[in-house]
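Paired with subunit B in one complex and with subunit C in the other, subunit A is shared by the two complexes that follow.
Here is the complex of A and B:
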């Protein structure tokens, strides 16, 4: 018999200990900004909705996200199928690597690998046609979203469409095609749909990729239009467009998320109740050459090109040792960069700490704090562009151009991330170990401190690192909220890129990406050894 | 008559480890062979290799006389498989689950469902037809899994610990049902289990498996009464091993081979009443000896008794 997971029935803290801080946090971080955004949009836009609507940007966002999501779904499903049959931990990390690279850094890396004057251009004289423009946007969005589909479909393959279910079909006389069609696909359909919608939402919300690959080509999307218009927000028409686009984007995303949630709920239910012990996975070995090729082309090569660019003395030179220099990294430290690094780290660490505490409180709250949990999850789904505009509306009058307003936006966005990481692990705290502590004479608070928290320690650490990395990489909200002297490293990198300094941009982008990959490798190691 | 299954020199590697190291085994037509071994000994791997789920590193498998190499997929082998985890499809009800092999064999939807209903009725689980796995108990899922395997007209049924997850009461019923269903078809079966009582009771022959090798094959009585070594003796049931039996050296003594009363003296060190029999542990000059007497006993721990062994079996070394 499986023991039952921790449930709020065995409550450890008095309700008021969690309810009060949770209530205050959700009102301040989520409700006030979002209500402000909707209210201001309605009152200021008035009847001129259609005039102010930017059809071109909305259409561009929708179709690039749709095509990218379709591509990402195909790649993610194929990867999941290959990896459940043969794939090691190291391959798993490789497949997830794009998630550890800030999206706009990926876009930069792609343009250094496959763009004009990029690595492939230098080596074999080949460039990816249309990289600057919609083609590039779609491809890089798809590469970035594919690991998310892989995670969703991969977990469904492990829990719902376990390989032995396909074997049972084969042992019943079905050939590989029939087994796929009649067993695996019906079981995976909800996960594929859910993963695809997730990819669509992430692509729709993306700002960094269209900012790097779309803006120079004059290809606007909702998020880049919001960024552009907010810079000119003294113009009332531009400000209206910002409000309206933010609300439209939020509405589109929330609809997609609602559909995704409904489909995913079907994934969770109905798994066979028998043992989850898998049959021995034999026939291991390496994933096929095609997958290695894909990973090299989409991840390794662009990152290598980025590093080489960062090491090269000047933009026009070949990226070989003769032209190597560390001057770009030294130059990256000039200006505001050093201050930006300190600011970014402090901001990300503060956000990670507060979000982890809030996430833990929410996970421990009665019945998972259902209403608050929903509001927090919704805030995570709200596109960064819209959330930043909302926070600016609500707190701009007092906090404009301070680090605090960026912190508020981070907390609103990343609270859900920390909560998910912790709540997802509450299953390891089984009900009986809590009851055993209580039966041994421990109070709720003592049980929390001496039994529950130690068991959750890995989850708390994971939540902290996750939020820290997202904070480090965050560009969408920071780029809308920063002021004089409060730019983060990502914002500085984007500024330098827009000034056109290719080599220093690359150096900054490398600095921004290294900690994430380093942390992932270290955590992978740790988990591998324990 | 051709054998239902012949396995020769089977070697299987997984994750850099050798799971099977040269397995030889034959199952005659209509025969039931139990593979008895502890978990991790390679039973499931052996069955998976025979079914074609996993590739072989070396060796040969023949099913019904036909060589099935790694290139022959499971659906082209004449097998039915009962999974330890049942492996029922969450999206199909019992009727469609049992109809699945029939449809794969080319029957139409309606004919397959009719035949599935007949099978479910024959197994006494007609009332499960419309239920999905999530709505069934473990025992019910297990029966649907057996029905699905039987729906495929196979030369050889492979049963991977089919009763491991059932409680004691359901297990007995399931064992006899599987035996009856299989016997009705006259099909052969390879039956993996770690439970000696199940292996000895269900099989015509028992193969003892240890660390990827078959160490002994024989009739249930042979492997029980004449184990080749101490490990085989312990694997097949309760036993006392005496290091130095006068005149014979190392011997195995089954508890029912010992009777109370006789020329040897001992002290009772433990008494465990089990209902239809009672197990006693005796401390003797030769070491601890287990005794099984039928019914209850008046003996109490600490009492002095006399005993004698009706028979002993010499072990190597």
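Here is the complex of A and C:
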């Protein structure tokens, strides 16, 4: 028996209590920057639009994202099928591991594992051809996006694709392939399309991966061009290119999302609420050796290569204990690194806290919040590069070089993440408890504090942790917005990487990644035991 | 101005304790110079000038350029002093009118390491690094044969000003010219972004030799990288790391005088870089050649285009 879920009908707070802060926040965080970007692009670039348009970078971004999304969808669907049958909680965390590694750290790790002079080169003389270039970009993007597809398709598989139908098909004489093709895949089509779209958007927006694997190969994408042109933007033509590329990238993503959403709604007949169900723990069993191999090759080996590089005394030495040192980690602390760590943590924690509050407000203000919800979701889809340029245009004159401007960009970007995590769990709030509380004389505020929030606590915690992790790892926006004394740890790592010191870069990347993985493993363990 | 109000509201309400501007006695320095060199010099300056705090923005050349560009879009450069790695990067800001006329005590700076509005603080030498297992290299000319046998790698002149100096030197010098660069390319020479990338690539055995800066290469040798530094004949290409005043603040000129003076120069030398001040003892690693910077400034775009035509990209 399930009680009716919480809905806006049980309005707990007076409308103004949510509407005013929500309205202010959406105007300040989303509308002003994005409108400013579009307005400035139109007024400053004027007739020179076509001259400034960088076709090569746009084409590169589009095709790498499309191929990566296709690959990621295949991997994600396969993983989801395997995991629903014989996955365990530990494996679930393992499969999600790539999400816990900042994308540009993944790219670094891959080049340390499979690039020239990397671990596999040292061990067996093998390198991945084309790793520095489009091949590497596509593969690492796909590895990064696959867990997202897995999450979407996995939850749909558990709640929607009914095993009975598959069994019935098998019993009626269909072989496994036919059952998959005729029964399972059609049932999953909306989820697969949704997951694939997510993978496409995330890949199109990626900056860290092409920055590490594309730039050295002379392979530009929209995001790396924006970064590079901003460095040359004392030249007005370069600044116009930045504006134009940002607007084009934003438009591409929003159009892709709008078209795909409309198409999926038609296909799915509007029903998509099942994917909001939490993942049930599936017992026992071990995934096949192929999946272990995949995880080792794509995640464990690269991370191990990165750690080994960070431990090695100097470039060109074998990464074995005889050549190990902690000097790179010590050198990583030179200069502003400590300040950067403190700043990064404070920024991520502040962003997580504010975004969770905003996400909760939006989740509570369901009906009045639809327009705002759309704007917030759009801001999440807008690529970080474009969003950062927009925030810089809107608030730069007053807030440039402060952590506040970075915080504004984080909030605009991550509000939707927190909102989704909380809204997805509103189903657990049951109406009867609320009615009981109200009938016993509790005010709306008291009911919210005593009844609703305790039930939502796991969702609030999840939202907080999610935003905190994204904030810790964020590079795309902070690398465009930082100033004297406001660099984050990810930015410091990128700077060192650009100067070519591979061992210290690896040490910094390890420091940036380990806390996130540690936290996730601990959380996974905690959940596993309760 | 509702946006200003919002901005102020956000700034004051959300994170008022973070970020923050300095007080009256604050000097803002934008620099691309190695972290420990900046730290050492700034610490020595602050010890001598207790009333002045130096706020440092240190980043690679591209990010410092982005910062100054953003400053200029909104008005004036926010830095009081600009301290860069190579004269070319400084020259572009000179051309944009960012540098101020100033009269620091620069008497000790040799003529080949200065311009009207910027002065050399240290000398960087472009040398050859070779892998211990690779072919011997004794001169710049030997790089061509090394490229044919084990591969040679150059830093990108469009990315690093020091790399541009090497390209400009070869292009302008009578003994080399574009023919030398063409020969390198024909022998299979490759290009990576930064001088540091050259050291990594040679140390890992991807290439037999490369062109890079002496100090980071010496650091890698000291750490145990399997590379050697060669001071090729006729000499290492010596470039200078310039400093300039970019505001009217009196402390800015004081800081530049300090860096160019015996104390600042000693601090620079203590971090491994060759000082420009003849009064600071220093043993140069070998013969040095310098390039005609005036000509290099004037022909910058032409040289970069020519390099790109030869090496692609």
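Definition applied: the second predicted complex is superposed on the first by the 499 of 530 C-alpha atoms of A that agree within 3 Å, B and C clash if a C-alpha of one lies under 4 Å from a C-alpha of the other, contacts with A are read in each partner's own complex, and residues count from 1 in each chain.
Everything below uses one rule, namely that a residue touches a chain if its C-beta (ideal position, glycine included) is under 8 Å from a C-beta of that chain, and two chains touch if they have at least 3 such contacts.
All of these numbers come straight from a predicted model, not from anything done at the bench.
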A:186 contacts which: subunit B (first), subunit C (second), both, neither?
first
Dominant toucher of subunit A (residue count), subunit B or subunit C:
C
Once the shared chain is lined up, is A:171 touching subunit B (first), subunit C (second), both, or neither of them?
first
Would you sort A:116 into first (subunit B), second (subunit C), both or neither based on which partner it touches?
second
Classify the contacts of A:59 with the two partner chains as first (subunit B alone), second (subunit C alone), both, or neither.
neither
What part of subunit A is shared between its subunit B contacts and its subunit C contacts?
none
With touch defined as at the start, can you tell me which subunit C residues reach subunit A in the complex?
3-4, 6-8, 10-11, 14-15, 18-20, 28, 30, 35-36, 38-39, 55-60, 62-63, 65-70, 72-74, 78, 92, 96, 131, 192-206, 216, 220, 223-227, 312-313
Residue positions on subunit A within touch of subunit B in the complex are 160, 162, 164-165, 167-176, 178, 182-183, 186-187, 269-277, 279-284
Subunit B contacts subunit A in the complex at 12-15, 19, 44-45, 48, 51-55, 73-75, 79-81, 83-91, 100-101, 104-105, 132-134, 136, 138, 141, 148-149, 151-152, 158, 165
Per the contact definition, I'd like the list of subunit A residues that touch subunit C in the complex.
24, 27-28, 32, 116-117, 121, 215-216, 218, 228, 230-235, 239, 313-317, 323, 327, 334-336, 343, 346, 350, 354, 392, 394-404, 407-408, 483-487, 495, 498-502
